[in-house]
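Report on the structure given below.
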């Protein structure tokens, strides 16, 4: 049995609080069960040096955890002097995913910086981050349209992210921390509302899984993403 | 006139939400107007290397801001590879202040790590941090007593912190951001509920202030600290 | 047409030179067309601190490129003071993949360090690295058996890695650099010789791809991995 | 009794050697008892990037200790790769203090860099540094006037710094190392020759001090600063 | 007796493989016995900032070892975050030596970056690097002449490098690793084909050597450099 | 003509002030003309980790310049986060030279740390540092003998260092800054009082020098070292 009798194909309770960070152009507190990630989108009227003069914009992301987001306190990355490999992987993943649904030429020579700060971590922080970040991004581009900076919204697609894995031989959707730490395989999917593939990252833990197991978790993810996209649309109103 | 017609000797609306971070041994969301600082206290059953075998414990603090806590996005310190001078000053100040009201021998060979993470910054983040950190620390030591790890609470004093400064030649209590940036002088006071002095840091900005002006801000601070200690006591119930 | 009239489902000419680094316990120069990666396996009779006393070993990897492995010179990472996010992702991927086919308890409290140094880069360096690293690892564990340090080989599975992607709307196996830079999607697969899934990392570049396109590249990868495993077995003799 | 029968309100023997560093535009070896700090002022005809084009100049400071300035050898900060929190606090304090008596617009778009290097440390290095740095700064601005770069001296005020603290319950002026390490409270004051307040930093060590104790150390500091300003004026001739 | 009955004044078998790195403007695999160093020369149409607008070019070098170039694995320098003192000394030596035979004004405002990467290390890596680097540089400048970027070759002199030392009281040429680690003195010479002195670095290990011993190793080096210059000329054809 | 009519084979006025740093076990202010280097020797009753349990000691050195030791202010190395290549070369040279005249087994499992801090720089700082460091080391080992820690002095040889170079085609001893910057070649010699060779580092600047020129500077250095050793002996009394 899963914690709190959750069905194998069920998401945790999900909620999106838009506007959670009042100074940002877009923001969303993304809540998946006990996981809480504050996502903000900041419009920056400059681009990274390597893009200057090319007539295109950029969307990039940073990710971090508060030290006591976790059951045991985690050391701040600034103490080590650099983001860990895990952090860098996650922030690259968030940025890449959002760029895949954004028309960077239509954005113009400006940058949108996404910050995903984990306030509480109970598994699935990267998928909660991506799902909330899309909402923050969408608010920021809507703000650019309202302010007459842009004529139309450069975000042309809707996406969400969810994890799925194999626990005790069973495919399960949206793993929480206690499941994640004993999972035989863990996969993160970033898919669009119409089933397009943006990113798939699947990892077998102790030994390889079968093709069929991979097909099962992929199928669960498609179901979960459908539900998440609906919730996103409701949040946007 | 001050913003929102605040009197020169009035605090902003202050609120303390205890237990804001469910995994920590002590936590408090410290709210001074639009300034919001999440303070957690983590008990660590080890001490820094230089204290080992000395029969004493330690209280130390870290401080950081979320990038979009501010009106304009601030660069993460991990990107620069190290905490700024300002951050280090603040975290040293928080730790030193709390140690001045804690019996480190009574704490035993363990460490309490205070994390102060600014979620929203509108001036006075370090004083909101210290005032909330004292509450988080107090909860953590209470937890150690409840768990029978300690026989009595090693925190022997109550303290709070507040800023006061000279704006337009007038002494004002608890400056918010718009006041802070034009202040002629800015001072931070950490005092106990019975008027003891823990830390005073006063800085003239463009030119020296007079002894009388310093006496005025000190007097405002004493009044503010009295009110803050009362609110702390109410929060602890 | 692909460069040199290669079929969409064909690997580049692949060759493995075992023993390329005479001082290492295992080594393999892994050649995929113009991509050349020197993989070594070094046995270290210690484990990382967090594993000590747990009766298990570890397999980990590092990855780097010579500055002039590329068409344009690339700056050394030591100059920046740290490995890039891309480098860290790749070395985490290599280590994780190899651990998924190694019995870490059977390895005992020792560590095998895999070094993958790219001498020439023409696309697919990470998949050439993983495929060659498995051979270097296998030699090193064989050496441990020969030296009577271990009774049996802790590497229980065979794996290889290959890329596949969508270029001009067509699914293609084993992209070289000129294809990679214009690909609509790029995926890396680490699979076992019997079709098990170790790692899948698929990324859409400018816009999402369809589920069918993902299925096509997955299918190409399975074919390629089958051929690579055969070549590995031949190299081992 | 204090070391060498010093009265509670007496400074150590103080001496200023102007011109101690022949290549600098201003320099002063600042000697307080066994504490010796070499202060230099270097004129730099550029400003930090964030000040460019604003028609104002800047005064900033760096502080360091020779490794064997102390009784036990201290590790060089370059070995750790960054200045310690203590060093950063001190250099920020020195720069801020000097800017409070300098008309930065009158200085023009140039920078004066103050270097305070401690050759021998016996307590009070930061106050010896500030007091000597003011003399070095004053020489450098006099040089700018002599060289016809500036029409008048932009340093409009005179300041000095001194420590005072509570040792064995007694308020004492200008603590030396043996006193400092057992002090119940330690405060540093930067005041002008006419009693203006530039900076006050007071810290209780093990437990809070009373308001009266703070008033006592403040009063000692005022007396000490008066004497130091006289010695500075004599040194300038 | 020396390993493999080598005479005291004999070089190890030496071979130069030009064009070993196909993408570089110049490259040479420099082989001295079991020591193998891959040297590449990259033309960069920019200069370091401090040279801009001065009408001169620059030649600079970087040096590194693959982790398993050595009998025991060596930690990557990127892990430590910076090149070691030894590495920096070697790369400064290589750059300085090559600049002493290059007319930097004739090179024009461009830079040639030399990379020396040690694939196998058995003593004498820095001298193999310099000797091979000269060949790579020479190819790169020849390429600039062929491409009509330069009218004539700015490399006006020919140089090579060799080590010589005192082992068991005997002067020996071109020490290999087993000799180097027990040598009483070790010297590296960079000389021109006509006997000019570019660099001499001689170091006594446990105790000083005599002037006569230094004269003996210098004499061996002159003989060795003559032979190396001949081999270089043959390689260039 | 040389500055101040100095003869080509003459040293600048040289003076050694022993005991210049009162807290150190050994110290010497080493003055060569306008170059002033403070050298201290600190006894540390531990050894670096890689020497532990081997029954031997170690002598090592650090070197730095005060920012305003030079005509133009030099940036502190701590600002860059690491010592420059030049600094590392010099500190390795100082340590290596002193170890060549010290019996490390006789020193026992302890370390002597030499600090050479340049207070004023007018050329020849590394040779002034080595020459003064030998005196500081000698005092520290004498102190160890006096304190009955050691039975006899482990420093078995006397050494000094001097530069010599080719300026305007002429061989000159002990170059000062104005000569050094235009020299055709620059060499540093560390020799013993009886003519033994400890270190030779010779560098041609723009083009190679002849063997004869090298012989000339070597000869000047031998003369200079003789005089320096005499002055050292006088300073020791």
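Per-chain numbering from 1; labels A, B, C, D, E and F assigned in written order.
Keep this in mind: a contact is a pair of C-beta atoms (placed from the backbone, for glycine too) under 8 Å apart; a residue touches a chain by one contact, two chains touch by 3 or more.
Everything quoted here is computed from the prediction, not taken from an experiment.
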Which chains make contact with chain C and with chain D at once?
none
What shortest step count links chain B and chain F in the network of chain contacts?
2
Farthest from chain D by Cα centre, which chain is it? Let me know.
C
Per mean C-alpha coordinates, the chain lying farthest from chain A is F
Just send me the rotation angle from a CA overlay of chain C on chain F, rounded to the nearest 5 degrees.
120
Express in whole angstrom the distance between the two chain centres, defined as the mean CA positions of chain E and chain F.
28
Mean-CA-position distance for chain E and chain A (Å)
51
How many Å are there between the centre of chain B and the centre of chain E, using C-alpha atoms for each centre?
59
Flagged in chain C as touching 2+ other chains are 82
The ring order, beginning with chain B and continuing to chain D, is B, D, F, E, C, A
Residue numbers of chain B touching chain A in their complex, please.
21-24, 27, 34, 38, 40, 42, 44, 62, 64, 66-71, 73, 76-78, 81-83, 113, 115, 117, 119-120
What part of chain C is in contact with chain A in the complex they form?
82, 85-86, 88-89, 91-92, 96, 100-101, 156-157, 159, 185, 187, 191-192, 195-211, 213-214
